[in-house]
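Following are the structures in question.
Shared chain: chain A. Partners: chain B in the first complex, chain C in the second.
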Partner chain A sequence: MDLSKVKDDRKLEICRWYYKGGWAFLPFLWAVNFVWFYKDAFQRPPFEEQKQIRGYVIFSGIGALIWSIALTTWIIIFQKYRVEWGSVGDELTFLIPSGSL
Partner chain B sequence: MAVRVSLPKLCFTSRMSGLLDEAAGLMDGHIDEARVRGDDFDEVRDRNPERRHKERRSRPRPEQAENINDGDVNSAPGRAGDQSAEWLNDQEELRYGAQHVIKLFVPVSLCMLVVVSTISSIGFYSKKDGIYLVYTPFHETSPLASTKVWNALANAGILMVVIIIMTIGLILLYKYRCYMVIHGWLILSSFILLFIFSYLYLEECLRAYNIALDHITAVLLLWNFGVMGMICIHWVGPLRLQQAYLIFVAALMALVFIKYLPEWTTWVVLGVISIWDLVAVLTPNGPLRILVETAQERNENIFPALIYSSTVVYSIVGTANNETTGSSSGVQMDSPGDTESGFVPSWREEASEREAARRRAMDEEEVQIRPRNSSQNDVANELGLGDGEHLGDDQQRRQPAGRSPFRIREDEERGVKLGLGDFIFYSVLVGKASSYGDWNTTFACFVAILIGLCLTLLLLAVLKKALPALPISITFGLIFYFASTLLVAPFSDSLASHQVFI
Partner chain C sequence: MYSQYISVLIFIFSSLLSNCNVNSQRLKESMYENIDGSYACFRRLNGTHQFGCTSARSGNVGVVHIIENQSDVDWLVKDALAPPYVAVVQPAMFSKSLLLSLQTSEKVNGVAVINNGFVERPESFTHEDSCPNRYSGLSLRLGQTCGIQEQSVWNPSGTSILLMDWKFPIFYVTDQSQIDHLYNCYRKHNVVTHPADQLDRALCALELRSHMFASGNSKKCIQRNSYKTLFSQMSFCDPLGGRNVWQTLLPRSTKKEFSLRTEKQMDSNGSIAVLAARMDSNSMFDGLVPASVGAVTSIVTLIATAELLQKMISQSDSYENNVLFLLLSGESYDYIGSSRIVYDMKQGIFPVIPDPSVAQPPPIGLHHIGPFIELSQLSRPKPGESLHVHRLNASTETNKLISNLQRYGKHWDILFKDLPPSKNLPPASLQTFLAEKPDIPGIILTEHPMQYTNRYYHSVFDDINNLNFKYANGSQVPDDSIQSFLTNLTNTLANSLFEHVSGKPYPGAALADPALVDELLYCYLEQSNCSLFQSAGNSISPAKPLSYYVGVSHVPTPVPVLSGSALALLTGSPTSYNETYCHNNVSTDQVYQYIWASSKWNDSASPKVCLQTTMNFSAAVSPAFVIEGYDMTSGQYSTWTESVWPELTAKLFIKPSFRQEVMTLSLGITVLVLSFAGVLFIKVRKEILFSPGASTEDERAPLIATQAVGQVLC
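Take a look at the complex of A and B:
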C-alpha cells in the first residue's frame, strides 16, 4: 500500500494499530512502524495528527531498539554458554549443530 | 507546436509536467475543439467494432489526444488527427511497456535468485528422500523409461485435475460472492506457507550452515516474520515489504514443488500447466477469463494474495476508462486507479468514488452499444445480495454522465500484474535446472524465461487484454533446458576434453 495516497487520519489509525500490535511480542512490527512513518512524523510540515504519530513512532523505535538489544545479548550469552549449561542448554537448543571430526 | 506535441510524452514521466501540460491546454483555449474531437472519436470507434477494444485504451487520455489534435488542426482536420493520436498513443504504450518489463524483471529475477541460491546451498531441497506430494502417487521408481513416462503423465494428469477443480471452485465462490470463504482459504494457505514452510526453511538453513539456535529466538523470529507477513499481505503494510513477502512465498512454494515432485513429473507438469494457462485465459469460457471478467464487471481487484503488482506512479489527466484486464495466472495491464490491492479497507473507502467516476466514463460508451444494465445487478438481485452497496452504486450511476475532460486524477497508479502462480512455475523451472548443478543450463533457462516474459509483455502492449504468462516463457525455458543439457553441455564437454577452442 502506498502511504502517499492515504489520508492523515487513516495514517494515524494504522500507526496506532502497528504500535499496539507490537506489544504482542512483535518488535518487527515496531521496527516497520518506525521506518514507515518516520517521514510523516519528522520530515513533513506540521499537520493535525503529526504529534500523535510522532509519539507512536518514537515509542515504536525505542521498543524495537530495546528488543533488538535484548535479543542480541541473549543470543550472545546463549552461544557462549550453551555447552557449559549442559543438558539445560541442549533443551533450549532448537537445532544442535553436528560436530566435525 | 513541436513543444505541444512532445508534451504529452513528458506528462507520463512526472506528475508536475502533467500539471504543466494541463495548464497549457487550458491557456490555449482549445477546450471546445477537444470536445468535438472527442465525439468524432466515438463515431470512429462505433464504425469499427473490432478496433473498439484497442481504442478504449487510448481513450482515457483525452488531454493527450487533444494536444495532438491541436497540433493537427491546422494541417489535417478530422480523421487524420485521430489516427496520429492513436499512433502516438501506441508509441507511448510501447515505451511505457518497456518500463513495465523492467519493473517485472526485478521481482521475477529475485524470486528465481532465492530459489536457485537455496537449491545450491541447501541440499535438502534437491535431495529426494522418498516423500512426495499426495497428488503424485506414482514415484517413478522403475528404471524403465517407458514406465517413468507413464508415471509422470499420470501424476501430471492428477495434479492438473486437482488444479482445475480448485480453480473452478474459486471461480464459483467468486461468482456467488462468497468472499469470506475465499479470504479464509487464502489466509489459511498463506498462514501455512508463512509459518510452517518458513519453519522448515529456517530449520534447513540452520542445518546447512550448522548454526545453533535456541528455541526462544527461533519462536520469536518465526512469530514476527509470519505475523508481519499476514498483516502485509492481507491488510496494510509497506508496498515493498508486501512485494518481498509475496516473492518469498512464491519462492517457498516453488521449493516445495521442486522437493516433493518426482523428477520427470516436474517437467511434464510444467508443460501441461502452461497449456492449461493458455486454455484458461484465452478460451471464451476459460475459468481465469471468467474470473477476470467478473472482477471487471464488479470493478474490483483480484485478491492481493494471488497477484504481484508492480505499481508505477504516474499521472493521468481526464476521466479514466477503466478496462481492467487480468487473471490470477497471467499478466495484466493494470488500468489507472486500481492498483492498490483489492480488499484493503482504504481501497474500499475510496472505491465508491472511483467507481462513480469510472461508471460515468463507461456509461457514455455503453449507452451507445447496449442498454447499460450490467449483469452484475441482475445477478445480485436474483441472489438477494444486492442491497445497500448496490443502491449506493445505482445512485452514483445516475449522476449526470457529463464527462469533464479536464478533471485531474493525480497519483494514479498503473502497473503490470503478474500472478503469483507464474512466479512459482518460473522458479520451479529455473530451480529444477539448477538442481542438477550445471550453471550454464541454469543461466540458459533464466534468460529464456526472461525473453519469454518480454515477448508476453510485448504482446500485452499490442493486444491489450489479459494474457497467460506461462506458455511462451515455459516453452522457451523447456527448449533451452533440454537443448543445453542434451546438446550444448556434451558438445562443450567434448570440445573441452579435446582442447578445441572456438
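Take a look at the complex of A and C:
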C-alpha cells in the first residue's frame, strides 16, 4: 500500500489498528507503526487527525523501545547462560544445537 | 508477433535452464570424488565426558598434506601457509603427540590415516587406556587397582587417543586405489618448494563429514532425546549395549516335565560353574573393529568347550552340578553385559523374570556360582611358555580348580602358571562379579602375565594377521597352529569342568575336534558367511570379517546372534518337530529354544532338523539405563552412549588457489558496487533518460529508453 495516496482519516484508522494490534505481544507492529506514521505525526503541517496519530505513534515507539530493550537483555542473558543452566537451558531452547552444548 | 517472440524466448530460456541443471549435476560429480572404503572416528559419551571426533555440520575441508616423517610435521605446523589442512598419515606415524601438535597448531582441520594393507605394521597400535576399564569392576570396591604404587599397567603401549575429545574428524582409509589417487592428487597439485607457492595454485583438498549430534555427556544427551519441539523429536545419542548369550550345560526348569533332572530341581550354593568370555572389542573407527586376540580366540574356545562337554554328558546319568556358559557384550565399555547380569542376579530375575505359570529356568543368584573361569586375551604362547592364571583370592576352590587345569593341561601340553593372588586383576568380566561377591572362586586365563603381549589391543590391527591364523579348510591342522592350541585348551577346560559337574574324571573318549575350532576361527575372523554359520540357520551375510563393536542397544549386531546360533547348533539336541512346529513358545516353555538348522555343522546342505537348546539371550543394557532416576555421574554402572550422526563421508576435490578465491570475491563485490552505482546513476537522471512525454502505452517507449541508455552509457 502506498501510504501517500491514503486519506488522513483512513491513516488514523490504520495507525489505531496497528497500535491496538501491538498489545497482542506484537512489538513489531508498534515498530512498523512508528516508522510509517512518523512523518505524518511530526513533520507534516497540522491536520485534523494529526494529534491522535501522534499519540499512537509515540505510544507505539515507546512500546517498541521497551520491548526491544527487554528482548535484547533476555537474548544476551539466554545466550550467555544457556549452557550454564544445564537442563533448564535446554528446556528453554527451541532448536537444540547439534554437536555442541 | 510479440507473443511469438515471447514463446520462442521462453523456450530458449527453459531449455537453457534444464541444460544448466543437468550440467551442474555432472559438474558436481566431476568436482568431488567420494573416498569409499573409509571409516570414521565418531563421538562416544559417558556420564561425565565426551570422547572421539566430530566435524562441523557441513564437514571439514582441508588441503591434503601427507605426513611421512617428522620434517613433514614441522613443515605443516610451522611453515604451511594455506590452512586449513587435512593431515594424511601412515599408521606408524599416528600417535598422540602428533595429534596434539596438529590440534594445537590450529592449522589442521582433519586427519586421514591411510593403510593399504601392505605397509609394515607399527610396533604397537593401541589407543585404549593403559588401564582399560580403569574406573569400573573391582575398582568400585577396592579403589584404583591398576597402575598404582609403581605397578605395571595392563596395556603399556596404550595411548588413550580413544579416550580424548578431538576437535577435528579422523578417518581411516584402506582402499588401495583411493590411496593411490590421494597420493597422485597430492603430488600433482600440492608439492611445492616454497610454502608461499601453495597460495598461487589450485590444491588437492579433502572434505571430511562426520558431524556428531550429541555433546557434553550421556546425561545431557539422553535428556535431550526426550525433548519434543513443536515439529519433531530429535535423537542425539543411544545407549551402548546389545545381547549376552547364555546357556546351561544341563537344562534347568521350574517344572519337572521340562527337565532331565527330575530328581533335583534346586541348585545348591556354588553348584554352577561359569565359563565366560567377552564378545566385543573396540577401535576408533566405525565398522572396523576386529578382535582376533581381543575376543575371537576366547569365544571359539568357549563354544568348542560347550560342544565337547555336551558330548561328554551322558543323557542317562544325573549330575550334581551344572555349567553356565556366558558370552558377554559391551565389556569394553565398563562391563555393560556382566554388570547387567550381576544386577539381574541380585534382583532375582536372571536369566528370566520369574513367572509361576510357565516352565522356565529358575533364577540363578550370585551364591549359586561356583568355579568361574574367564577366558581373556588368548593366543598361542611361545614354545615352552605357559598360560597365566590370575585370581583375587587364594581359596581351596580356586586351588582345586587350578590344580585340575594343570593336571589336564599337562596331558594336552598346556602349561598354566599360577600367578600370586592380587587385587590388580586384568580387565575382565569376572571383576564385576567379584566386586559384588569377592569370595567367588574365580580365575582369569590369559596368555599374558602382568602386561598385554597383544600390542594391538582394541585397535584395527587386532585382525587375522595378529593371530597368525591360516585356514586349514578340512585338511590336517598343523600342531604348532593356533587351532591346535585352542583345541588342546578346549580338551583341558572340558575335562576340568566335567569333573566339577559329575564329581569324577571323565571316563569316555570324546575329544575336541580341531576341524571345528578351525572352522569357527575361519567364521569369526575371515568369512561370516561360512558354512557353519549358514548351517546354524543364519541368512547369508556379505562375505567380510565381522565387526566386534558392541553397537547401540536397540540395533541387533551380528556377533551375538551368530555366536548364539552356533552354540545352539553345536550343543542342541535334535527333536522330531517339523519346520512348522519348530519355534519358541514363550507362554508355556521358556526352558528351551528351538532352532531350525542343518543336522551337520560342516555341511549347510545337509537335511534340516529342529534343535532343542538351552541357549538364550539376555539384555546387555547397562543398569544405568534401567534404574529410574539413576545418577549418571555416580560411576557405579556403565553410562556409555554413542552419538547419532547423519553421514560419514570423505570426498576428494581440487580447491581453487587462495588468490583465485580472493579474486572471485573481490570481483563479485566490485560488480555489486558497480550495479548499485549504475542504478543510482540512472535513477538520478531518470528525467533525462526517460522521455516525460512517452506514456507506458506507447509501443516505442522501450525502444526510446534503450536508445537513451545507450547514449548515456556511450
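Keep this in mind: the second predicted complex is superposed on the first by the 99 of 101 C-alpha atoms of A that agree within 3 Å, B and C clash if a C-alpha of one lies under 4 Å from a C-alpha of the other, contacts with A are read in each partner's own complex, and residues count from 1 in each chain.
Note that in this section contacts are C-beta pairs under 8 Å (C-beta built on N, C-alpha and C of every residue); 3 or more make two chains touch, one makes a residue touch a chain.
Fair warning: this is a prediction, and the values are worked out from it, not measured in the lab.
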Inset, instruction - Of the two partners chain B and chain C, indicate the one touching more residues belonging to chain A. - result: B
Inset, instruction - May I ask you to decide whether A:Leu71 touches chain B, chain C, both, or neither, giving the answer as first, second, both or neither? - result: first
Legend entry - First (chain B), second (chain C), both or neither touched by A:Ser87: second
Inset, instruction - Tell me which partner A:Leu95 touches in the superposition: chain B (first), chain C (second), both or neither. - result: both
Inset, instruction - Quick one: classify A:Ile58 as touching chain B (first), chain C (second), both or neither. - result: neither
Inset, instruction - In the overlay, answer first, second, both or neither for which of chain B and chain C A:Gln79 touches. - result: first
Legend entry - Intersection of chain A interface sets (partners chain B, chain C): 94-96, 98
Legend entry - Interface residues, chain B side, partner chain A - complex: 203, 206-207, 210-218, 220, 223-225, 227-228, 231, 236-239, 241-242, 311, 313, 340-341, 344, 346, 411, 413
Legend entry - Partner chain B, residues of chain A touching it in the complex: 1-6, 10, 14, 21, 24-29, 32, 35-36, 71, 74-75, 78-79, 82, 92-98
Legend entry - Residues of chain A touching chain C in the complex: 86-87, 90-91, 94-96, 98-101
Legend entry - Residues of chain C that touch chain A when the two form their complex: 54, 57, 211-216, 220, 223-224, 227, 229-230, 234, 236
